[in-house]
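Listed below are the structures to be examined.
Below are two complexes that have chain A in common, paired first with chain B and then with chain C.
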Partner chain A sequence: MNILFILLIPFLSALIILLASFKLSQKLAILSSAASVVVIGFMLALFGQNTAAISSIDLPWIASMGVHFHIGADGMSLLMILICNVVALISMYVSLGDQIHNPKQYFALILFMQTFMNGVFVAQDLFLYYIFWELALIPAYFLLLIWGKGEKLRPATIKFFLFTLLGSLLMLIAIVWLGNAGTTSDYSLSAISGLTIDTETQLMIFGAFMVAYGIKTPIFPLHSWQADTYTFAPAPVTILLSGVMSKMALYTIIRFVIPVVPEAVAEYGIYFMYAATFGVLYASIIALTQKDFKRMLAYISMAHVGLIFAGILTYSQAGLSGSMVQMVAHAINSAGLFFIANLLFKIKNTHDIQAFGGLRQYMPIFAGLYMVTMFGSIGVPITNGFIGEFMILTSLYQYDVIVALLAGSGVILGAVYMLRSYKTIMLGPDHSTIQTDIIGTDKYLLYSIAFVILFTGIFPAWIGQLCETSIQNILQPYLQK
Partner chain B sequence: MNVIILLAITGIFSMFSGIFKQKMLALPVILLAFISALVLLSLGYLGDFTALTNNMVLFDAHAIKFSMVIVFLSIFVFIMGQYYYSEDIEHLTDIFALFVFSIVGGILLVSFQNLTMLFLGTEILSIPLYILAASNRRSLASNEAGLKYYLMGSFATCFLLLGITLIYGAHGSFDLDIITASITAKGLSSLFITGVILILCAFIFKLSAVPFHFWAPDVYHGAPTVLTAFVSTVVKVAVFGALLKFMLFIGDHQGEKWTILFMLVIIATMIFGNIVSVRQTNFKRLLAYSGIANVGFVLIALLAINDLTSSYILYNLLAYGIASILAFSIYATIKTNTGIDTIEGLAGLMANNKLLSISLIFAMFSFAGIPPLAGFFGKYFIIVNAVNSGYIWLSIIAVVSSVIAAYNYLRVSAILVSHNSEIAVIPMSTLYRIFLVACIICIVVIGILPDHVLGILG
Partner chain C sequence: MSSDILHNLPVVALLLPLIGFLGYLWYGRWLSEKQAGTLASSWVVVSFILSVVLFFEVSTTGTAVQIHLFDWINTGKFHVPFALQVDQLSVIMMLLITGVGSLIHIYSIGYMHGDAGFNRFFSYLNLFIFFMLVLVMANNYVLMFAGWEGVGLCSYLLIGFWYKNHDYNTAANKAFIMNRIGDLCLLFGLFMIFSQFGSFEYADINLQASNNVAINTTVITGITLLLFAGATGKSAQLPLYTWLPDAMAGPTPVSALIHAATMVTAGIYLIIRSNVLFIMAPFTNDIIMIVGLTTAIFAGLIAFKQNDIKKVLAYSTVSQLGLMFFALGLGAYGAAFFHLLTHAFFKALLFLGAGSVIHGLNGEQDIRNMGGLKKYMKSTHIVFLIGVLAIIALPPFAGFFSKDNILTAAFIKSPLLWVMALISGLLTVFYMLRLYFLVFQGKERMETKVASQIHESPMVMLLPLFVLAILSVFGGLMNIPELFHGTKWLEHFISPIVSMSDVHLEHSTEWMLLGISLVSILAVGYIAYHKYVRLFMIPELDVQTAQMPLARLLKEKFYVDELYNAIIVKPLFSISKMVMSFFEEKVIHQITNGSGQLTLFLSGAIRKTQNGFISYYLFAMALGVLGILTIFIILS
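Up next is the complex of A and B:
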């Protein structure tokens, strides 16, 4: 089965939606997202039987620069595409509940974003990767601007774009250097991984990449765009941003950075780990003080991705596998949490935590599902957040005790802020006027999210198996040295 | 040379079509002439006029490529112009004729082989522009622009003439070949160097690069928008063509002197253009400053001249030119229909004018250098070439200044989709719609197929 499908389905659907009638757009968008998920599920099944079943494409594009349109997938890419498409489907479903103006443009933009994010995960040529990376930003930018809400929406969106653009340009410089380092211009991953680069140059390339991915993930101190962007964006877009877009950066570190500059990662990765794990603690403390539920979730998301960022830089089998598991978990959990924030917003028209109280008596199902999602985010055993967090913390401890301590205290604080907000919203005195539980699509969606959280918590092994070969391939060259 | 004759006749025809009340004929004939000129240029039917012109004009590959881009961009300017001038039909054919004459001057300029021709080309290019800048007679700003442009242009001409005179004084000829031979025999003299610096000053003036930029914002702002688009695209191509030729000519004799001069100009131009544009509230002025900044960017290519320099410069100017013409024409359309000329005034354009807004967004993102639009590779080639030639710090300044520039363009694109206000539906002719779509297609195709475009230009 050809990997190109995964780009074509959302892309063509977006074009069709733009041309089709106004009423059909929602149905078409859901249909196309569901089709993407089915196709990727089918691909995973094929891949499980025979790893060569997914065929790649390699066409020359800009011959004078040695750029190819080269896409392909291994287990790790497929896993990321799975996350991307599942989260996109969730995001579409969440959009259904909101009364969105201009649904045609809205769904088309989400599908374009999905296409380009898929492109990032399958690109095997660094230049092509860069182009997908930049393209994914543009739909996000307009989704924020047109459908976002907030007083300072426009400056915040421009800040988000400029921050990531600055990072991308640094990354582009590194990519161009790598592409021209060999005898001929060649941006393919295999050629670039084969380069021997002296340590000083590696450090510069590593620095450029890390700033770019530090901004996108984001880690401390490059995070200042994130809270506003996540808060002002409409819930479905926040789900995509935190669920998938931050994973683009994390995935790339595993896929490109580690194989290309292994010595720099081993030698200087520790500084970024300090920054990332300090960010975990920092974001957790800020989350404690937030009164706005969505803004709190933004900081929680930052704490979680910071932990994954540090886990990847440990450069160990446990750290990398743990990070992959945690990426899957974080994608689902943050999608669930932002969805819950959206449901809460619909009840009281506010994100202020203090405005809520005693919801549980009227909404037992919502309260129960919220709890499962929250436990997933905290990392309670048998939920999906546990195993990944455990593996990452273990690998961090083996790597450096201070890092592990910083990260660990962040994780503990995570439980505090989640439980506190749960207490205020669900328990306590009753301020509520709504007397009905969640119904219809919302209910089934939240049920499915809770199911996935428990399922991947109880059976996490498939994620590790899927990525095992990819991770070994990535670690192999370094371990041999 | 055939092309020059063809276009000159077209210009005269356009003038006479006004006299004989056949205005409607002018535009089709001019467009036809441009297309035939493109065909002649691409097939190489240029005729051998070397003896006839006394080796003053040389149609080598360099001249052909630059002429092609000049004519190609002119087609876009003319389609945009037809729309813009449709109300002021009074002197339409005269205006067209002046544009065509100016284009002839541009083609002479890029094909000069003799310093006299450099002067004549500059003047044939510029004098119609002075008139055109003031062509909106009822507008005070337009009159101011015309006068300012004329006075400042005359200064530049003085520099140019003095420079040419000094070079003549040093080497006794206007002919580039003879001067080169004379330099080889006699060596460099301070007279020659002073002359070159004066000529470079004139070029910098014509390009509106810092420190000779001060006329540009006022002229760009006051002049009719079509002329502004023409000056910031077609004229830049012509002047860069001549400048590159001149740099190639002095190339063997260049030392640290030119490089440092150029680096200062480049850094000042990029930083000035981009930082000042952050504070602009008028959309047309923003575009004017972004044009200044882009000139600084293209000048980087002249620091490290190699076989590919001309194609990189042309690629950038083509990419920038189409986006720029598109943006100016949208500005003009909005201005004539609603009177809005500020950036804030564009708020809510998206609500009722989808095609206009989307076109403008494409133009802005191409300016900002978002891949895979044309503007990205336009900047990319120049930066990579500079890095490969060792101008690392200059490249970093260029990258940083293009992030500042991106802020300006994002500002515009963000305002378009604002919900707070709405702009009523702006009527557009079918021709204009086609023009918008054609521009978008050009921006995308030039960006996606850089190899093919470079192949045509290289």
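Up next is the complex of A and C:
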């Protein structure tokens, strides 16, 4: 099966939606996302039987610059694509309940974003990768600006755009340098990984990349765009931003940064680990007293991705595998939590935690599913949040105790802010006017999310298996040196 | 028995309670109270029967049953199997969990009768039994940790069972969070274990630890200290004990099952399970001993001035757990395990008895409003008395043998420790008899309206009490020491996991120690009797307590909660607000926004150069050419 399908399905669907009647756009979008999930599921099944089953494409594109249209996928890429398309499907479903103006443009933009994010995960040519990366940003910008809500929406959107653009520029410089470092201009990953770069240059490239990905993830202190953006964006877009876009950066560190500048990662990675894990503590502490539920979730997301960021930089099998497991977990959990925020918003038309109370009495199903999602986010064993966190913390501990302690603070603080907000919103005497539980699509979607949280918590081993070869290939060259 | 069936037995025993829980999710709403209660109890009873079968299997073969279900995670060197191990230690724990668990399930059918959340309550109990079984049946630390956190989760659910009550929810959160502090320490212990041994499986670790003499003792000390810190959270020891008294917010059967008999003993189980490591860490053992003894005395003192029947029992539990840790610190693992079991019997009995009292008095918990209940609740009175006699270690009740074991071990270490342990025991004698006398003896202090409605509990509640009473009387038979011509069966049985100590006291010394402790127990008992039965003293009102500094200190539990609030909770939230309002908004946002403004400012300045006048451009161009020429000339 050709990997190109995974780009074509959402891209063509987006074009069709633009041409079709606006009444159909929602249905078409969901159909398309569902098709993408089915296709990627099929690909995973094929890949499981024969790792060569997924064929790649390599065509000369901009000949003068040596740029190829080269896409392909290994286990790790397939996993990321799975995350991307599942989260996109969730995002589409979450959009279902909302009255969206201009649905045509809205769904087309989400599908474009999905296409380009998929592109990031399959690109085997650094220049092509860069183009996908930038293209993914554009729909996000418009989705945010046109469908977002909040008084500071415009400044927040501009900040988001400029921040990521700054990162992109640094990245572009590094990519162009790398593309021309060899005897001929060649941007293919295999060529660039084979380069021998002296340590000083490695450091500069590493720095440029890491600032770019530190912004996108985001880690401390490059996170200032994130809380506003996540808060003001419509819930489905926040789900995409935190569920997939942050993973683009994390994935790239594994895929490109580690193989290309291994010595710099080993030598200077620790500083970024300190920043990221300090960010875990920092974001967790801030989350404690947030009054706005969505903003609290934004900081929680920052704490969680900070941990993954540090886990990747441990440069170890357990750290990288754990990070992959945790990326799957974070994608689902943050999608679930932002979905819950959206459901709450529909009840009281606010994100203010204090406005809620005692919902559990009339909403036992909502309360139960919210609780499962919450425990997934806290990382209680047998939910998906545990095993990845455990692996990352184990490898952080082996790398540096202080980093592990900083990251470990989230274990306690995570329980504090989640349980406190749950108590305020769900428990206590009832004083809400809503007396019906969640129903229909909302209910089934939240059920599915809770199911995935428990399923991947009990059976995460397949994630490790799927990525094992990819990770070994990435670690091997350095370990041999 | 064929090995095939044997292979599946533990899995079935483990999964039955989980099926009960999942079943509730599926059809719980359509079940009547009677159906739900019977069904939930049956799962656990069957699980108990299977545990009995397993017990006979393990005791005849003498080997552990190992079952590998699937790999939880397996990548590179990082391998965590989802595997069970039923050996001598875990099979006894299984008997305890499912046995006492069954009794408490049955009791709850009566106790929870008429509660709106009846079915939900039973589903949580089932889930708890499942996680507790995971905890003791795991063959590695990570799976054990899953059970460990799982029981904490159930404890959270059950403390906050009546979720409309604000205080109960706060107590539930407190329990979960304080446990998490311990859990983080435990996690770091696991990280250290993995770094040192490269495995999480008990068998690997024990093998390496006993064979490899070159292991760094500092590392072992670190590991054991962290494991112990984890245990202080779950087993409510200083400094993390304050959640347990608050946890009494949950329904009384929960206090009996989770917060007395099973979950809180998980810390003791953990240390017994890891005894190979702990034996190598004398420093840690001393710490455990000191913490255990201090907790035992500290909690015993607080119990003096508590007037809530459940709070007295809660502090008593903290104190008794402290005694078990004390024994662990002495290296008397067998004695600690023995006391764990007998304590489970009589403390479950006492809690359920207290529940029967509360039930009979329609929710009254203040012992100042009780008294003379022996007249109204004859059966409850008898079994509660048995529980009291067992906990104060009067021969021949179960508590006597297990406490005597610990005292003997203390004396071997140092007579001073023996004295300290004896004092903690005497505290128990006093506050337990105070409780008993104030509740069952003396004058009736209920309002007449309450008194007219007092009723003995139904049979479904009394039956479990009778069984526990029998166990509290005869439980000591498990481990009769040589002094009484016994064979210490229990310690022999678990000797494959915990090697027996071979230090013994002279029989004459033992008799003397026994005599001293017995006489002092009787003396203290007489003081309590004199005070509360002959003089009819009742605890003073709270306003009066406030006048007496020492009594107030005890009543207010040494102000530990207030202290934690002042030095941890409040500062944490102030820091959070400060970080947000200052660092996040003033520093981080200002820098980024500032750089944006700087750009605008600079671009504004540069824009002025683009003013559209040709002459200006020409002038600039000329200047530029001149500049380049100058540079060219200088360089050449």
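The rule is simple: the second predicted complex is superposed on the first by the 481 of 481 C-alpha atoms of A that agree within 3 Å, B and C clash if a C-alpha of one lies under 4 Å from a C-alpha of the other, contacts with A are read in each partner's own complex, and residues count from 1 in each chain.
Here is the rule we use: contacts are C-beta pairs under 8 Å (C-beta built on N, C-alpha and C of every residue); 3 or more make two chains touch, one makes a residue touch a chain.
Since this is a predicted model, take the numbers as computed values, not measurements.
Colleague: So, does A:429 touch the first partner chain B, the second partner chain C, both, or neither?
Modeller: second
Colleague: A:393 contacts which: chain B (first), chain C (second), both, neither?
Modeller: second
Colleague: On chain A, which partner touches more residues: chain B or chain C?
Modeller: On the superposition, C touches more of the residues of chain A.
Colleague: Examine A:131 and indicate which partner it touches, taking first as chain B and second as chain C; both and neither are also allowed.
Modeller: First partner only.
Colleague: Would you sort A:441 into first (chain B), second (chain C), both or neither based on which partner it touches?
Modeller: neither
Colleague: Using the superposition on chain A described above, determine whether A:51 touches chain B (first), chain C (second), both, or neither.
Modeller: In the superposition, A:51 contacts neither chain B nor chain C.
Colleague: Please indicate which partner A:162 is in contact with in the superposed arrangement: first for chain B, second for chain C, both, or neither.
Modeller: Both: A:162 reaches chain B and chain C.
Colleague: Could you give the residue numbers on chain A that contact chain B in one complex and chain C in the other?
Modeller: Common to the two interfaces on chain A: residues 162.
Colleague: Which residues, counting only chain C, touch chain A once they are in their complex?
Modeller: So the residues of chain C touching chain A come out as 70-78, 80, 82, 142, 145-146, 149-150, 153, 156, 160, 163-166, 169-170, 173, 176-177, 180-181, 183-184, 187-188, 190-192, 194-195, 572-573, 575-577, 579-580, 583-584, 588-589, 591-593, 596.
Colleague: Okay, in this complex, where on chain A does chain C touch?
Modeller: Chain A reaches chain C through residues 159, 162-163, 221, 223-225, 282, 285-286, 288-290, 317-318, 321-322, 325, 358, 360-361, 375, 380-382, 386-387, 390-391, 393-394, 397-398, 404, 408, 411-412, 415-416, 419-420, 423, 426-430, 458-461, 464-465, 467-468, 471.
Colleague: Which residues of chain B touch chain A once you look at their complex with the stated criterion?
Modeller: On the chain B side, the touching residues are 350, 365, 368, 370-372, 384, 387-388, 399, 402-403, 406-407, 410-411, 414-415, 417-419, 450-451, 454.
Colleague: Using the touch definition from the top, list the residues of chain A that touch chain B in their complex.
Modeller: Touch residues, chain A against chain B: 62-65, 130-131, 134-135, 138, 141-142, 145-146, 154, 157-158, 161-162, 165-166, 169, 173, 176, 180.
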